[in-house]
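Here chain A shows up in two complexes: once beside chain B, once beside chain C.
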Partner chain A sequence: MLSSIGNFLLLLSTILSLIVIYTSFKNLNEKGNLISKNLFTICSLQCTFIIVSFFTLVFAFIISDFSLVTVYQNSHTAKPIFYKISGTWGNHEGSLMLWLIILTIFSFLFLVSSKNKKKEFRIYTLIIQNLLIICFLVFLLFNSNPFGIVTPVPKEGLGLNPILQDPALAIHPPLLYLGFVGSSIYFSAAIASLLTNYSGKLFVNAIKKWVLLSWSFQTIGILAGSIWAYYELGWGGFWFWDPVENASLFPWFSMTALLHSLIVLEKRDKLYFWVIILCIITFTSSVAGTFLVRSGVLNSVHTFANDPSRGIYILSFLSIMIFGSAILLLKKIKSNNFVFNTNSKETFILVNNWFMIFYLITIFLGTVYPIFTEVLSDHKISVGPPFYNTVIIPVVVFFLIFMSIGPQARWIKNRFDNFKQIVSILICSLLINFCIFYFFKSYSVLSNLIIISSSFLIISSFNDAIKSIKKNNFNISRIISHSAFGFLILFIGLNHNFSIEEEFNLKIGQIQKFENYNIRFTNLNLEDHENYKAIIGEFKVNNLDKNFVQILKPEIRIYEKPSTLTYEASIRSNILEDYYVTMSNIDRSDYYNIKFQKKPFMIWIWISVILISLGGFLRLFRHENKIY
Partner chain B sequence: MKIKFIKFIIFFIIFFVLSIFFVSLNKDPLYSTKDLEGEKIQDISLNHFSKNEIISNQDLKKNKFTLINFWASWCAPCRLEHPYLVKLNKEDNLKILGVNFKDKKQNAIKFLNDFGNPYDYLAKDTTGKQSVNFGIYGIPESILINKDLIIVKKFIGPLTYNDYIKIRGAVKNE
Partner chain C sequence: MNKIKFIISIIFFLFVASNILAASINKNELFKNIRCLVCQGQSIADSNSDFARTVKLVINDQIKDGKTEKEIYKFLVEKYGEWIVYNPPLNKYNFILWFFPYFILIIGGFLIYILSKKKDSA
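Then we have the complex of A and B:
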């Protein structure tokens, strides 16, 4: 029943998308600068149908309709309602459905929110968006149908992987997809802009809020994934340079580059083609990321079930998109020779773009290199954190310094009349680093540089804030995002250097001492929960320096559907540090293996990322106010 | 001319990257031993855990059966299966090759001191690269091979009591 409804709605939406394209072309040939009302009606119908079909799937998950393969494979009656709903997008088919619904809603929102733009530009954008929608609908209907049925209908589902049953992970895909799919709008707009010569400031106005929106959501989506990894995977880390994590970074880097070069296009009417290239790269890299994750060509902890036919489809789609847009771009591109003064805001923004592209290429190469070596030489290698840490971290130092000086530079021609100020800020950051180094702990040269350059950025941003308040052109979003980025790097640096990690075996009643801590294993309890059983340990962590006691309760969870053991870390966060304890059982022994970690400033790492993204959201509102 | 050349290069790179992706789709991403029961295992060359030696096919050909077990001290399920490995170590026809996966040496030694050392040979794979060649998805995993280096059985996840009985049966029947 639900299967038929879902399939019917998807089919109907496909037909409507074709009608949208047909009506759009018809509308193009008509006179006047208004889009026909019919087009609005059809688009809103199309949007409604896709929303309804998405909620049909959600509903099937809620009522546990196991006649649908997707529900059968990813849900279970004993699962809490929250995870039944989030299970909708916790699998390949459902996540494509989520992708589709966001794509359609965004394309409708673009249509209604771009009323003051040129008709041809709007219509071409709509046509490209609908071509994308059709591609996804065809993919859903013929390859990854979320409404496929099983007969006979199973009585019980297979259950959702327990490590995916986590609040942070439930919101991670929707947030990330708002970023990924948001970039489709400016991809389509870029193509439409090339076709209709709708360029310069007007083009910036049309896409700026979409770039900000997708960038902000992408940032916060990456954070949610990171928080999940920290709480759920039990390694105490928050970034593993896993191919899937990297895939979410590709578009983030190009979006960040785009965000900045849009400013140059807006203020100086330069870099138009570069902006177009970035628009195209952002969306194609989102799709390329999806391809790498879904096709199974890369091996990663996150990979969904592998199926080469999916890969072929996404890759063909990607190839057409890349070649299509590249041919169009190369046809239209004009080499407009402009020279920026080496010492000007434009140059600083370009430098930002070079850094972003450098990061994008480095991470892309690191991610796909194993595929290349395998195809070309039959050699299997894995590129791990050492590669990324070696290549990326030293460059961050230079990046932070440019980021500190750039915002205060002037357009067209800059003068370093604030040279004294820069030097005094540098001395301040050297002092901060020296204090940390001298009073707390010594660390490597690179860590010194990281802490100096991030402090440099933070102080420069504050200085920037004070100056701009005086001049009455306070750009709160930039200052928040930039200083938060400085804080992020600073806290990551401190966290890296001041973490403590100890592993030992204990049985109930025993005490382990190390450094200025002692840990007592006080108790062990067994609890029954709705969908799992938990063995809960109780540990008293005593900080002998501060005479401060905390109780931590790590768990071993035994899930029935599917039968899995998971190890839940117990984390006590406070303003300065996190205490992190995981416990695992040792078979036929009273001993448990305990891993204790002290991780300073974790909460500040999360807050920094939230603030970075907040900067984007704030700018969005400021921008809106300016127009209306 | 110069611009044409640049355009050509750009297209060439895109084309090259995409075609590599296409080829990779049709390639088995891993040397997976999951479906390879009955096939011969590929050349083995593993670094010895403590000595400066290489453990190779020649070493394993001497044994009637070899169980290759991938483990690490940080891996909790490895602790679950460890007692079975200790028991299997008593089988006459079976030698056990342990591959210590992405581990710290002192932790690994402590682990073996605490729970017993069932391994006749012990190799290390500090980077995890060699284990990937065996088609290891996650640890623990074990592969049972005979003297002709043919894969008899592959076990994904910790060895259970049933697996233990299976291995003992297979080894005894010889």
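Then we have the complex of A and C:
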């Protein structure tokens, strides 16, 4: 029943998309500067249908309608209602459905919100959006149908992977997809802009909100995934350079580059084609990320799909998109003569783009390189944290320094009349680093440089803030995002260098001592829960310096459906540091393997990222106000 | 001029002072760089599997025997192949991986240099 409703609605939406394209072309040939009312009606109808079909799927998950394959494979009656709902997008088919609903709603919103733009530009954007919608609908209907049925109807579902049953992971995909899919708007707009010669400042006005919106959501989405990895995987880290994590970074880097070069296009009417290229890169890298995750070509913790036909579909979709836009771009590109002054804000923004592209290419290469070596030479390699750390971190030092000086540079021609200031800020940051190093702990040369350069950025941003308040052109979003980025790098650096990690085996009643800590394994309990059994250990962690006792209770959870064992970390967070304990059983013995970690400044890492994206949201708000 | 010399010497002093102490082998870092072959994208530091435990024991023994980090990696690669280390060794297969990013960095810098021709008189 639900299956036929869903399928019918999806089919209807496909037809409506075709009608939208047809009506759009008809509308293009008509005179007048208004988009016909029909088009609005059809679009809102299409939007409604997709929303209803999405909620049909959600409803099927809520009532546990196991006649649907997706529900049967990914849900279970004993699951809490919250995870039944979030389970909707916790699988391949459902997550594509989520992608589709956001894509459709965004297209509609673009149509409605772009009233004062040129008609041809709006209509072409709409046409391209609908081509994308059709591609996704066809993929959903013929390859990954969320409404596929299973007969006879099973009595019980297979259940959702327990590590995915988590609040952070429930909101992670929607946030991330707002970023991914938001980029589709400026991809379509870029193509439409090339087709209709709607360029320069007008083009910036049309897409700026969308870039800010998608960038801010993407940032928060990556954070949610990272927080999930931190407390759910039980490894104590928050970033593993896992292929799937990397996939979420590709569009983030090109979005960040785009965000900055848009300013040049807006203020100086330069870099138009570069902006177009970045628009295209952002969306194609979003789709490429989806391809890498969904096709199962990558070996990763997160990959829950493994079906080559999906990969081939997405890959051909991707190639058509890239080739199509490349040909169009080559046809339209003119060598416009942009000569910048070496010392000017324009150049500093280009430097930002330069580094962003470097990060993007490095991470992309690291992610796909193992696939190539395996296919071409049957040589299996792993590219992991050491590679990224070696290649990227030294470059980050220079990046941070440019990022500190850049924002205060002037357009067209800059002078370093604040040279003294820069030197005194540099000395301040060296002093900060020296104090940390001298009073607390020694660390490597590279860590020194990271801490110096991030302090440099933070102090420069504050200096920037004070100056701009005096000049009365206070750009709050830039200052928040830039200084928060400095704090992010600083706290990651400190966290990396001041973490304590100890692993040992203990029986109940035993004590382990190391450095200034004393850990006692006091108790072990068994508990029954709605959908799992738990073995809960109790540990007293005593900080001998401060005479401060904390009780941590890590768990081993035994899930029945599907039958899995998960290790739940116990985390005590406070302003300065996190205590993190995990425990695992050792076969045929009373001993448990305990892993204790002290992670300084974890909360501040999260807060920094929230502030970075807050900068984006604030800017969006200010931008809205300016339009009147 | 003296002022500048003074500033430079302060900078130099602060930096050198921060770098006198050298670091020893960090076992946790080492474990994080080794893939658990029976797991899905986990390092042996993060895994509870028997395989991870065994490899950790072997490495602990080797550290006790006074082997260097390089020797331990070499031993593991010879035994299990390059798949086991997260740090791909620099050889003819991985040459592009290690050098292409820097190539892009240099090209990018060069492009910006050309685009931003000096126009001091302007």
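A few points about this structure:
Convention: the second predicted complex is superposed on the first by the 628 of 628 C-alpha atoms of A that agree within 3 Å, B and C clash if a C-alpha of one lies under 4 Å from a C-alpha of the other, contacts with A are read in each partner's own complex, and residues count from 1 in each chain.
Everything that follows uses one rule, which is that a contact is a pair of C-beta atoms (placed from the backbone, for glycine too) under 8 Å apart; a residue touches a chain by one contact, two chains touch by 3 or more.
Since the structure is predicted, the reported quantities are computational estimates derived from the model, not experimental observations.
Applying the stated clash criterion after superposition on chain A shows that chain B and chain C collide. In the superposition on chain A, A:Tyr567 makes contact with both chain B and chain C.
Legend: residue contacts after superposition of the two complexes on their common chain; A:Asn341 is shown touching chain C, with no touch to chain B.
When the two complexes are overlaid on their common chain A, residue A:Thr362 makes contact with chain C while staying clear of chain B. In the superposed pair of complexes, A:Val351 makes contact with chain C only, with no contact to chain B. When both complexes are overlaid on chain A, the residue A:Asn505 reaches chain B alone and has no touch with chain C. Judged by the touch definition given at the top, the superposed model places A:Val383 against chain C, while chain B stays out of reach. Shared-chain residue A:Leu315: touches chain B; no touch with chain C. By the touch criterion defined above, A:Phe323 reaches chain B but does not reach chain C. Here chain B and chain C are compared by how many residues of chain A each touches, and C touches more.
When the two complexes are overlaid on their common chain A, residue A:Asp242 makes contact with chain C while staying clear of chain B.
Between chain C and chain B, the overlap after aligning on chain A sits in one stretch of 77-85, 95-103 or 113-121, namely 77-85.
Once both structures are placed on chain A, chain A residues 299, 380-382, 384, 567, 584, 587, 593 are touched by chain B and, in the other complex, by chain C. Interface residues of chain A facing chain C in the complex, by the touch rule stated above, are 233-237, 240, 242-243, 299-303, 338-342, 344, 346-347, 350-351, 354, 357-358, 361-362, 365-366, 369, 373, 377, 379-387, 390-391, 395, 413, 423, 426-427, 430-431, 433-434, 437-438, 442-445, 448, 452, 501, 567, 584, 587, 593.
Touching chain A in their complex are the following residues of chain C: 7, 10-11, 14-15, 17-21, 23, 28, 32-33, 35, 40-43, 45-46, 48, 50, 81-88, 93-94, 96-98, 100-102, 104-105, 108-109, 111-113, 115-119, 122. Interface residues of chain B, counted against chain A in their complex, comprise 3, 7, 10-11, 14, 17-18, 20-27, 29-31, 74, 76-77, 79-83, 107, 114-115, 127-129, 132-133, 137. Note for the complex: chain A touches chain B at residues 291, 295-299, 306, 308, 311-312, 315, 318-319, 322-323, 326, 330, 335, 368, 371-372, 374-376, 380-382, 384, 503, 505, 565, 567, 584-589, 591, 593.
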